[in-house]
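Just dropping this structure here.
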């Protein structure tokens, strides 16, 4: 069977998408810290960059890996090497996304939906953030909702991914008007309004890279 | 016998001179700290003012006291209540001056000479400062030398005291050109040149007040 | 930056290397570079006590590992939670077959990493129960106690729990004692100057000269009031008002008091502060039976101090008096 | 001034009041307000150990009064020698009938006040012998050893002498041991920021940001070089070069090492510094057998650290391992 069938991608072929995730976070690390610096302690890029770079090295050493194997390595690296909030939040996010792909060797739209749902549940289960708290949940929730809606409307996997990407970006943009309720930025109260949320920004980059990687491979 | 005979003063009548010593130090305390601040740690006036004020209170409580009793109280107060260098140096200075008047109840020129000699010996015995080290020794040595010379030249007690006073003032003025060799000011090396020495200044005040007090009483 | 460091990114690791070289009789390395255990391993069947938190609070957290105190510690970057993996490894290092009590402070990162680590340990079949310290009465109103930060009062919790474990208490008893210790402890800090994380190179908050921040957190978290610097007496009054009004302390109570410098405050000033804390307590008929005054829980080179007061019952009193030996605290026993 | 004080003139007295309230099990008052003694009086026939010096160096000096250490201490104003009377009263408080060893640091004021106090004690028939610490190798060339200041190496002297007295040594033996300890000790400090005496209200020396002063004294006395801040490794190298070149340390030597913060330096940075000191010693075949890393001898809120190294013989090694308990130092024994 080929890598992409138009409505699914083999997990083996999707493994290298992990390098795209690493690349975008490492490349945008400065911008992420800058965003965090406006309301938090300015280290989001440093934390993410360090973790993703380490995961990249481990993945390169691994050589061959499927999408869930890669996500598990990334999650495990974040849990093992990144403290603070981001290590456990993104760590459990990626770990649980990997587990959602346990019973398959191809990823199709229902699997993607399940994966996204698992990741969001992990983040909320651990961090208790609700939509509107100005966190990465404000990207994940609209992204999931948009993907599910697109599916219900009968859109293709690729089109649903495009809709999700747009929703993630809109979700990120919407964090600008929110007042932070959790995390370090919450100390600022009203003063946290007017800037993007750093975790929401990194989450948007991750979802976009994931969507782009899958779309590319759907027709490969 | 009257208080002053022209060439001696009764020690009982000379007791109140102690209040003159206290008064001048307390009055000039700001200036002493200012001088110390130019090369040292700027606390000479504070140290001296505190000690002399406390001694003044003890003397007032004592009521009647002779010159050596008063000097002993002053010396004892400095030893008991003033730490650093000034407590022991001036403490032993006054204590040993008092002891030099042990065998008399009047002070004449030879007794004064003996008293000055004992005070100087105490300071040098404890602090090891030599003339030229930029300390109160640079006032005491010329003062003693001038008094002794005046006596050898047959000058009266009163005139010898006047000569001593002038020599003390000249000695103080001469500390301006010296480089400090002991005490805190010695850290500055060459930079200590050009300012008076604080201990020399307080010592000049003390010797002058003592001389003035005795001269007043010599013909009382 | 006038600091004694090499690579600013390596400060936490470099410090751990140094403390292991300096105190091999008290602390030992584990396979995980950010996890230390007590050098003298305790016997089988003892409940393991674990703590952990960001670096920069020395002697906390690693300074409270030792006889009668914690068995293992997870160390994070400066002012950042240790990883879930570190906590997990610390649990393993403190596993003597009777379960592990993880006693840490209420910060978002620590909560999440501990939660993940407890899950990981459960997969190995290791039972870990937690108590999260929330003694900083200035960090949230009493009605929102679960939002309060854990500060120097954690030391009371470690001390009591460590002693209970030493006495042979089981996991349930150790957890109950730790919870009781922290529930009966109130703390308040006053900040007098900011501090600088070496990797950042500049302070990420400020306290103006002549001003003080009452209720400041251990990482410079905003307090409840910024006001002109008070006398030591005035500071003690402000802090004790907050602590004493938060719980109903009554005349006749026995308490333990801990006055900790935040890093740069001269120890003699902590003694001055203590004299007023002591007076305020005694005026109200409260007796300080255990007194700790020194640098116990710092925030790098921040100036200021914190006061923690623990109301004692007979059990806490006995446990606090139990012998202990670590870098940060030695109790010889009565 | 962002400090925890009341009347700036009363800081020393206020601190003493506080420490007595906080640690009545370790320190006791005497009839003289500036003299403290160990709370547990030692038996008759023991040589008394006395020290003293200016305040602002806490835990020095009063923090080294206790079991196995000093018996009494005379406390001066901040950075100023105690009075002759204070030293005299401390001698009396430490008189158990076997004479008194007064072990202090080489500063003009202390020398003079001790000298006067020894005279006063002699009048009472109390024999007092003295050892003056001059371990600061940066404060004068070796040929002018008698001009060198006493710094944190004094702690080695107190520890050894206190143990010798505990073991039943007579006055001659205690003095000999104290002298041997200090003769075999070299110290160097590095200053990274100045400090402010409360009564003065502003620092009376300065260290520019980005600069460090190598060889600085405990009151900011000028060092031997002002240079850009080095790494921790570099600082250790500069300090150890000075210490090791001053006395001939040889491969195979055993030493005791004390790294003390000057007040405001985070303790984690002292651990980093120690790791390099340890490495430098071991490279030369020298073994650090006793290691003390913490805030032992401070200068108010000065930033920086000092390193002291003592070459050991069997006797010093045994005496340093002897149990001791005080605010500043507790040794449990081997």
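Just so it is clear, A, B, C and D label the chains in written order, and each chain counts residues from 1 on its own.
In this section, a residue touches a chain if its C-beta (ideal position, glycine included) is under 8 Å from a C-beta of that chain, and two chains touch if they have at least 3 such contacts.
Everything numeric in this text was worked out from a predicted model, so none of it was measured.
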Here's a test of the contact network: exclude subunit C and give the groups of chains still joined by touching. A | B, D
Look at all chain centres (mean of CA atoms) and spot the one farthest from the centre of subunit D. A
Chain-centre distance (mean CA atoms) for subunit A and subunit C, in whole Å, is 35
How many angstrom between the C-alpha centroids of subunit D and subunit A? 57
Here the gap between subunit A and subunit B, centre to centre from mean Cα coordinates and rounded to Å, is 84
Give me the residue numbers in subunit C that touch at least two other chains, ranges are fine. none
Among all residues of subunit B, which ones touch two or more of the remaining chains? none
Looking at which chains touch which, would you call it a line, ring, star, complete or other? line
What chain-chain pairs meet the touch criterion? A-C, B-D, C-D
Over in the complex, which subunit B residues touch subunit D? Could you list them? 41-43, 46, 79-85, 87-89, 91-92, 126-127, 182-183, 187
Can you tell me which positions in subunit D touch subunit C when the two form their complex? 1-6, 11-12, 14-19, 21-23, 55-56, 58-59, 63, 192-193, 207, 209-212, 229, 231-233, 235, 259, 263-275, 278, 291, 293-295, 298, 300-301, 303-305, 325, 327, 330, 332
Quick one: in the complex, what on subunit C touches subunit A? 54, 76-77, 80-86, 108-109, 112-113, 115-116, 199-200, 204, 221-222
